[in-house]
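First subunit A sits with subunit B, and in the next complex the same chain sits with subunit C.
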Partner chain A sequence: MSAGKAEPAEPGLPKGQGIRQSMSDLHIWAGLLVGWILYAMFLTGTVSYFRDETSQWMRPELPAQHQPPDSAEVAERVAATLATVAAASSQWSIGLPTERSNIASAFWRNPQAQGRRAFQSGTFDPATGQALQVRETKGGDFFFRFHFDLHYMSPLWGRWIAGFCAMFMLVAIISGVITHKKIFIDFFTFRWGKGQRSWLDAHNMLSVFGLPFHFMITYSGLVTLMLMYMPWGSDAAFKTPVERQAMTSQMSAFVPAGKPTGTKAPMVPVADVVRQAQERWGRDNIERVTINNPGDAAARIVVVRGEAGRVSVSPQYLLFDGVTGKLVEAKDKVGPAAETRGVLYALHLGRFADTVTRWLYFLVSLAGTAMVGTGLVMWTVKRRARLPDPDKPYFGFRLVERLNIASIAGLPVAMAAFLWSNRLLPQGLAQRAEWEIHLFFIVWALMLAHAVLRPARRAWVEQLTLGAALLVLLPVLNAITTQRPLWRSIAEGDWVFAGYELGLWALAALLATLAVRTARHRPRARPVRKTAPAAQPSAAAAVGEGA
Partner chain B sequence: MTHLALFMLCLAGFAALALGMERTQEDLFGRALTSATVRRLRVAGWVVLLAALACAVRAQGWSLGLVSYSGHTSLAAGVVFGALVLYGRLKPSR
Partner chain C sequence: MLAKAWARRPVISRIVAAIFGGYALAALTSVAAVSLPMAKPEAVLTGLQLSFLVYALAVIWVFGARTAKRAWAGLVLAAAPLLLAAFPVWLGAGA
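Entry: the complex of A and B
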């Protein structure tokens, strides 16, 4: 955090030092205040770069997908199902499988309901178009939603909290760069086994190498929800419903259903219009097909372009007459302001990325998680050296220390428990998908209790070990409970399953390394504070939960 | 292929920049290099990094190119850093 000089600035120091000192305080306290939530947002956000792969792994009944099915046919099949289950609906919207996702999803407007319940949703088997008959799970969507909605509260509250934390993160990044003016001079410097100095080097390294990413991800994260955080500009500029709809259409491919005529009319086959879009954008680059007023003379079909290969989420779609199949409107660009938002949004999500770029996103984002984690740990490492009595730290110190354990080591345990519950909960359990999530939070709460009850260092070692064990055993559990053991996945070239489980092992190795290092760590010189208050800070700083 | 080339260029660039730092030279060679060599290493490092940027933009366009360039520089710097740390750890046992 601070460049090793956190003593209050003395009066009469040069101005530069004063600014760096105040920036250091800002960095420390802004970082600490939101550090735990930021860590959770960062870690769950990081694994969300493999959101579709997580979802695939959590639905092992669905066969491995070597090539995505033809979107035109899938759209046709799901539309046929919706025509029976949602016949009276004024709007169906079908999310199509992609190279990474092997399910179709849909939501449709429920004519009998208003407000939040106005939409129903479901998941569908691309091969049959029927509702998915596999274990109920939220899959990777849970981590994705959690990283900005949190849970057990209205998404609105979650997003305000997430935005507050992201704003502090931005403050911490900028004040951090000013505080550690030496980070660019100390580039590539790591002083091993020097206690606080080593933590600082590691923290700097994790921050600086990924600095463009960390800044981008925080800023663009705020941009994704900017109209919620700061609605006043758009509220003042766009007042009538028509104006508001014009603004929305710059950001979203959602086309509201117009008034139906009331006259029935046969629909053009959905597959035919999707094929027209495929000719324009490529076979596997269709994201969504929305059908407004199906079966009515005023039916409209909107085919939305996928995000592969373009760094923007700005809407690009083709609007067809649902009865004649004629192209009514082709939307392929938006205004510059909307496009800026579209680009930043896409940069945050990284959905355009090819496999290599996705791994780069994942790794640098993981470094960002570690940056937040090392920052949190440093707060205690630095203060432990100055404790009057290291055996009886003051309340604030204990609080930070225990919360650090429960978040940094406890969250990975809870996330692994979420995957375990996916394999172990019985198939027919009522609200099975919700119970997977409940178990995640129950295990996390247990980790907090454990962190409070155990001595700090033991708690670190035990939770890191537990996390590593849970992750290592997940492929074993999968081999026992499904027909898709790791060796078969590798033999059959199913790289989603194989890659996922090898990735779990890599993360397990990371946690195990941290556990071993923490267990082996021996403070070299425990300072005898009561007799020698001026003990060497560098030696004292080594008394950490260091890893 | 583009990704591999990009990564190797970034790796070479950061390796040259790291070698251009006195602390690294002390660790690796036990002495500081001449200032002429240091200057050449630094220029080479920056030129190679800029060349990598040019490659990225040429091959993938500005938007995708900048994104993957940013990822490759982060990873390459991390790898150079890791190699230096590892070297420092292994050296005393020789």
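Entry: the complex of A and C
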């Protein structure tokens, strides 16, 4: 390959400007190519900081929880249920309610199946230990899962796509910082109502304001799935499952079930061992109880510590003999590299956060979403002024413009529709939880069709308005369809429901503001200056060195 | 169309260098790290967490280099010491 021939492409540029120019091109293209998926990952990830609250709101039959129930009793109740529905299973794992979550969940190994089908799962009422008898929904778990698994494909594919996009994001962040040498001056510069410059300033402000967060969230996102993306080191280092388990045990509190003896033995009450863990970590700080080989002489009970009071997901657990109730092992620390991973993972999830920190997480993450969104819009704003014929833009321009509308404005509409479907779908509908998700995608597809068929500016205004209307009316819909209208939530101090619905109104106000501003916006007829400053590459140069 | 693609081969070359060359360098880093003088799980996890930074910086290098040729040369240069460190890991694993 005679790549050397390209050398004269940039010789006229001073060295510094050359690198800034190429970083700017890299920033623009890395951001644009996967920007729509990144936007969707950012927005659904952002709302996932209120995953448990979303789940609570989507199960209105369950009463408001003012104090979490005693983990020891809940574990005992759910274990009793599992003893009847999964008696032959070699492993039960029970996720306990927390201050934010009002349900118990469990998964258990199905002795008749192998591979991915080998586990079954269910949700349980903490008060009775029985399977939940409320509307079938995935709740906030849907947004959380979509954020990295996507949907309608195997999670493996979804995670590879998400990782690919996250890598682009990381490159876009670094190249963006290099492009903007005056990064802190830019932060204090804001030029309202100046078209392209205002978009650039908004993009800079949102990016710089949250820069440490954006970098952290992107890098830690890659770290959450790193073994899948980069298996080479561990494949080279570990040849036997035992060796590999030595590393896995540094990352996960999941203790594989050993061989059962085959001899039946009565189990110690689960509540007793959970109480020992509560004394150590606090009453409401138990995350999970796993029972290996229940009912066997070799039974083991693993009680896993919650994330309150520590910024780490590194495994901390107590392992008990399930028959005698004696403490076998207390795992409370891992190596420095493993702990680094545990901290990065915890920073990404933000589950350690109290209410104020959680809102900060939400706001900075929303700024990250807006950073991606303004970046995408800027691509079209910058090029619109230079269109030879503004009435007939070229295909690439139309594509970006329409995809921008369908993602930036269309996704919030689809997300609101998901919440609407939760209140409107009949309770007895077969596969109800799946239908909530199907409706999310149907509405999103409709928004794409709408964006393609309507004039661009009308499409922006209509979708933003629709999104605002759907969000504003959600508390009304909730008041009509449930026994928990907003005024009662406020009067009774149910801050999960009240906070959730007030939050929906705040988001509605945000969309409405954007709709009004877009509707009032009059693009100036005069084209932008011909002599663009260095930080503003021309559209043609942005194609890359080969152009 | 073909002529256009031919004219753009330096940028195509860089894209290949960034996506595949960068990944190869990152993967090599994660294997080389296993030879670090620490417990194996720790060494593996160290390499894993560093690999994404190596990947990102490799991409930045590839597009920052003056020519596509230099971009590739830089990747090869960075790979050489990593290969030296990674080799015993592969050999050791085979033994």
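Just so we're on the same page, the second predicted complex is superposed on the first by the 513 of 547 C-alpha atoms of A that agree within 3 Å, B and C clash if a C-alpha of one lies under 4 Å from a C-alpha of the other, contacts with A are read in each partner's own complex, and residues count from 1 in each chain.
To be clear about the criterion, a residue touches a chain if its C-beta (ideal position, glycine included) is under 8 Å from a C-beta of that chain, and two chains touch if they have at least 3 such contacts.
In this text the structure is predicted, and so the values were computed from the model without any measurement.
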| item | value |
| --- | --- |
| Partner chain in contact with A:152 - subunit B first, subunit C second, else both or neither | neither |
| Dominant toucher of subunit A (residue count), subunit B or subunit C | C |
| Touched partner set for A:178, first subunit B, second subunit C, both or neither | second |
| Touched partner set for A:395, first subunit B, second subunit C, both or neither | neither |
| Which of subunit B and subunit C A:340 touches, first, second, both or neither | second |
| Contacts of A:167 with subunit B and subunit C, given as first, second, both or neither | second |
| Which of subunit B and subunit C A:230 touches, first, second, both or neither | second |
| Which superposed partner A:205 touches (first subunit B, second subunit C, both, neither) | first |
| Subunit B partner contacts - residues on subunit A that touch it in the complex | 187-190, 192, 205, 209-210, 212-213, 216, 309-312, 343, 347, 352-353, 356-357, 360-361, 363-364, 367 |
| Subunit C to subunit A touching residues, read off their complex | 7-14, 26-27, 30-31, 33-34, 38-49, 51-53, 55-57, 59-60, 63-64, 66-69, 72, 86, 89-90, 93 |
| Subunit B residues within the subunit A interface of the complex | 3, 17-18, 21, 23-24, 63-64, 67-68, 70-75, 77-78, 80-81, 84-85, 88-89 |
| Contacting residues of subunit A [partner subunit C, same complex] | 1, 3-7, 9-10, 18-19, 22-23, 25-26, 167, 170-171, 174-175, 178, 219, 222-223, 226-227, 229-230, 232-234, 236-239, 243, 246-247, 250-251, 335-338, 340-341, 344, 544-547 |
